[in-house]
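Below: a set of structures, written as structure tokens.
Next come two complexes built around chain A: one with chain B, the other with chain C.
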Partner chain A sequence: MRFSALLRKELRECLPWILLAAVVFFAFGGFFLRAAAYFGDRYWRYSRFSPGTTVSPYDLTCYPTLQTAGPWLFFSSIGLGLILGVRHFWIPHFTRTWPFLLHRSVSRKTILAAKLTAGMIAFVISLGALWVGLFWYATRPEVFPIPQAPRVFIEGWIFIMLGLVTYLGTALSALSTANWYTTKIFGLIFATFTTITLLSTVWAIGLIAVSTAILLVQIFDTFLRREF
Partner chain B sequence: MTEIVLETKALTKYYGGTLAVDHMDLEIPRGCICGFVGRNGAGKTTAIKLMLGLLNPTAGSSKLLGCDSSALTPAIRQRIGYVTEGHRLFRWMSIGGLEKFQRAFFPKQWDDKFFADMIEYFNLPKKKKIKHLSNGQRAQVSLALALAPNPELLIMDDPTLGLDAAIRRQFLEGMIELIMRQGRTVLFSSHILGDVERVSDRIVVIDKGVLRANCSLEQFQKAIKKAILSFTDSVPDQVDIDGVLHCRRSEKGLELTLVGTDDEEIAEWAKSAGAENYHIVQMNLEDQFIEFTAPANYRRLFQWEEK
Partner chain C sequence: MKLKIELKHIATPIKIFMIVLIILIVLLILQGIIIQTERLFTRKKQLPAPAEAKAELAEEEKRVDRIRRSAKEFLPDGTIHLVHNLGHTPGRADIPAKEQIYDVNDKLLWEGPSDKRPFEYLSWAEQLRRKFTQQRMKEIQMITPGFSRFVEIPIGSDGKAEQIWRYYPWGQYFKGYKTSGEKIGYAGSTGFTDSKSQVKPLGKFRFFTAWCPQDSSNPVLLWQTQRRIYQIDFERRNVELIFESADSDISMDYLHAWRDFKPYAKEYVDPEKYRPLLLCRTEDGKHHLILREPKQQLSFAVPRSSVTATKQDIFVRRFGSDALPPKGIANSRELFDKWLQERRGKPRNLWTELYKVNNQGGLDLLNRYDWTLPTPSERLVRARDSSIAVKRYISQLSPPFYDLIFRLLGVRFWSSDYYYQHRGDFFFGLIRTILDFRPQGGIINWILSALMMIVVFLHDWPRRTSWARFVFWLVFVGAFNIAGLLTYLALNHTVVIECPVCGKRRGLAQVDCVRCQAELPAPERGKLDLIFST
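What follows is the complex of A and B.
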């Protein structure tokens, strides 16, 4: 009951940003996907499959229509990560609501867990659900007859997870009491480094999990010990 | 034996090189209304945050309801009400939403009727968002939220700061509502000595992080007094009487602010110093506080009395 009250509060607090990220991704990603499906279909029908052309199995997946929505998913995800990190962990410093929140009849761990759970749910319900929806849409034969490459779908989830890493990095920077020119910036730098390094690697998921674990340990440690 | 609900032992807090709270030893017995007073920057908020475990002490310790402040359990927090400085609440929430949120943390002790009565008494619209409320209204919501769970110990950090006289009166009446319940303890910091005088039975004075007084209000008021002595000849150079806080001289007179000095002692000294006459002036709490916490070289900007 207490955790769900905290969770509801955190989700409600970031609802406008969840919606904004979903709208941006849906509008732009959806538009480019639709356009890609439309033009791609004609490209395949009328040029690639012209008489005498040999089509390899690779050809069948080399035009991943879904990929056109990828950049928008990436930017929406990173943007959402930054904004949620700021909203959940930075704004309470300015509004001075930490003391009120921390004097709840729950442990600090629970308060932090509610925030982080809300952050993860935000990613899943806004970008994750939309990504699944777009994948389902793009794989329908009437939209585009060539099957979508599964790796593109996984890449989309990598983008979403990188957004989550950005969220955690921002949270860590917000919670750190150090100076900007020392370790306060560590969280953001770590998240940026992870994002750049793992952006287009297939084996990214495992490393993202490691990065997430490192950030989570740091965040819990900082949050439980810091002063408000 | 009186139960101690709030206890600090050599509680010390440094911010970098700045000493905010200096070896504070404080004990607050159950059932008292304690005014926690000090000048701006005296260390009141820091002390309260240390007691609530929001800050970590540099040295020393504090206990609330028998539990160490650095490890307050959810069960203990449930028994403590806290009104934050400036009544900082979630601005996007409505009063009703905030009530729901707060109720979730006090499932057994939340008093719906009490909260509704207070909101009605303060004439607050439940659907209104916190960001659209005035300072005074936010203070009222804050108080209602803290009182509805019927806490055993209520800690308020400058709750009447920035409120006008009418709202302050209402706020204090709300506080008295809690005080009427048996065995409830209140610690509230304030700059407004009139409020402290009106509702407190105990006073704690902190000055530059140092605990200067922790006694009943009556004792405090009795202890600090002013003696005005006039002399026919010259005023003595030495004022060798115990408990002198401040000594102001004029050509033919002395104005002494004394702490803990008996009237007889003053009379004796006045006689031995050759005073023509003397009288003891009763001071109000505000004057007592100002004199008590004023630095040694303190002097008034304008010497109205002498003019």
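What follows is the complex of A and C.
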């Protein structure tokens, strides 16, 4: 009961940002996807092939039709991760509301779990649900006749998970008691390295799982031990 | 409380890991910046003024320079000519470049525009390794903000695509769709099938090239896997196995007259004069020659060679030099550096040979040409030395255990073949970059590590809470050098107070003084202390 009350409070606080991310992704991602379906001729390159000539292998590679929605999902996710991390763990420092939150007869573990659950729900609702909807729309034969590859759907969820890593990195930086010029920003740096590495390797899911575990363990340890 | 205690045992090592990882990456970036900055300035210094350099050349030097720059071409009868390209007229790239043709006795045979050349030399199979390799395949599978890419082959007619064949890297097969969305079937190693259960994987992808035949605008693929080469024609629904290596992986391919281009195409080879040829080299050093018209297959082992097949004969051209590293040492950086040091300052002898393949598959030497190149200028050598020295000093800040990792990875990790296979892999590239800055057992590195251990000893002695922890940090800093010291300070720097009993410094993390075992002083009771006064 206490947990659900805390969860509702956290969700209520970050609702504007959840809606903003959802609107940005849905409006821009959906618009560009619709435009791609309406105007796009994905196989225009075919007309460049002429008999008796070499074909550049790069002309035989192409992005998926959902490419236009990808950057909106990626940047919305990263942005939402940063904002939620600040809202959940940094703002209480500035408004000095940590003692008020912690003095209640609720364990720190419950408070932290409520915040993290609210963060995850925010990602799943605002971006995850929309991504599922957009992908379903793109797989309809009347929109794009050639089916979407399942890999694209997974990659969309990897973007959403990347936002979660950013959220956890921001949270760790906010909770750290170190000075900003020492290790306070290491949580954010670690999330940045994860993002850069993820864009350079095919082992994305494993990397995100390891990064999430590293950040979560430290967040729990710091939150349960530190003084506010 | 229980969770706190249990978490501490996991969280502390994870925190150390994360911090030291970030510091090591930042250190690597700084080392890279310093090296690149140094190279930038050194490069500026070592570039000579072109006019000045040319003015200093004597007649003999000019002759040697011309021989060096000349292409060594062969006539079908084995005669060698040296073709010296004089370049385009400045500002007139539309006019063919001028060239001079010399015989092996340095006698000028002809001079004029390259398109009017009176001799027809043998053309050779071209290496295809720099086209679409497994590294490129990995790169297109990397996630970008626009998702990862696919290999999709459009097939159609009248300038409009009607089918799409998409490659699935995990299944190693193609899946075809009509542009109306209807599924067509699959293409794998056993050919085209209708159901997924019947399709067999092509094999681990290595390389592909594509072209349109003269009678079609639909691409045909030459698809190389680890052990096989296929020719895939989607229009005719045909997967042909061209070559299969039973014992060794295929490392690279050469093609000549294999693809039927139109005469205006850049890579056109006259099919009236040459036989279609595919040469593939396997990792065991063998060359496998696959010929058409008629079908024929030969195997031989000649390093640094290229091949061509006219309608009458098969030729092998070989290039050699005593300036090339001997086999075996190219895999070891130390041996290579040592060999390079010994080679430095000596002239280079080079040669090229032409062989004809006889009926038994043996090679008969037809002709050979030798030439010598002078020693590279000292100025250049000195510039390279400064770059190496800067890198050596910068590398002294790296953790000493990099050397151990370098040894554990073995010689194969540093071989050119291994590099070529894993070039696009992020972690492979990262490890190579990191180990490129290994300290190489430098004495400065050991001294720095020892100094940092002393700093930690002095810093941690009054703050120590247990011997195990104290020893761990000493070893850690010794192993990680400056990254270890910074990690230690980030996690362990606490305030010290003066012990009221012995007067020496003591940390606040332990109740007893590390020197006199006196307990921490209790706070004095104040007048407004509500807790103690009640």
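Rule of thumb we're sticking to: the second predicted complex is superposed on the first by the 202 of 228 C-alpha atoms of A that agree within 3 Å, B and C clash if a C-alpha of one lies under 4 Å from a C-alpha of the other, contacts with A are read in each partner's own complex, and residues count from 1 in each chain.
In this text, contacts are C-beta pairs under 8 Å (C-beta built on N, C-alpha and C of every residue); 3 or more make two chains touch, one makes a residue touch a chain.
Remember, it's a predicted structure, so these values are computed and weren't measured experimentally.
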Touching partner for A:Lys9 - first (chain B), second (chain C), both, neither: first
Chain B versus chain C as contact partner of A:Phe228, first or second or both or neither: first
First (chain B), second (chain C), both or neither touched by A:Thr183: second
Contacts of A:Val106 with chain B and chain C, given as first, second, both or neither: first
Chain A residues touched - chain C or chain B, whichever exceeds: C
Partner chain in contact with A:Gln218 - chain B first, chain C second, else both or neither: second
Which superposed partner A:His93 touches (first chain B, second chain C, both, neither): neither
On chain A, the residue positions that both chain B and chain C contact, one per complex: 225
Residues of chain C defined as touching chain A within the complex: 3-4, 7-8, 10-12, 14-15, 17-19, 21-22, 25, 131-132, 136, 138, 140-154, 156, 159-161, 164, 166, 168, 177-181, 208-219, 259-262, 265-267, 425-427, 490-491
Chain A partner contacts - residues on chain B that touch it in the complex: 49, 52, 54-56, 74-75, 77-78, 80, 82, 84-86, 88-93, 100-101, 104-107
In the complex, chain A residues that touch chain C: 43, 45-47, 49-58, 60-64, 66-68, 70-71, 74-75, 109, 141, 145-147, 149, 151-152, 155-156, 158-159, 178, 182-183, 186, 189-190, 193, 197-204, 214, 217-218, 220-222, 224-225
Footprint of chain B on chain A - complex, ascending: 1-2, 4-5, 9, 12-13, 95-100, 102-107, 225, 227-228
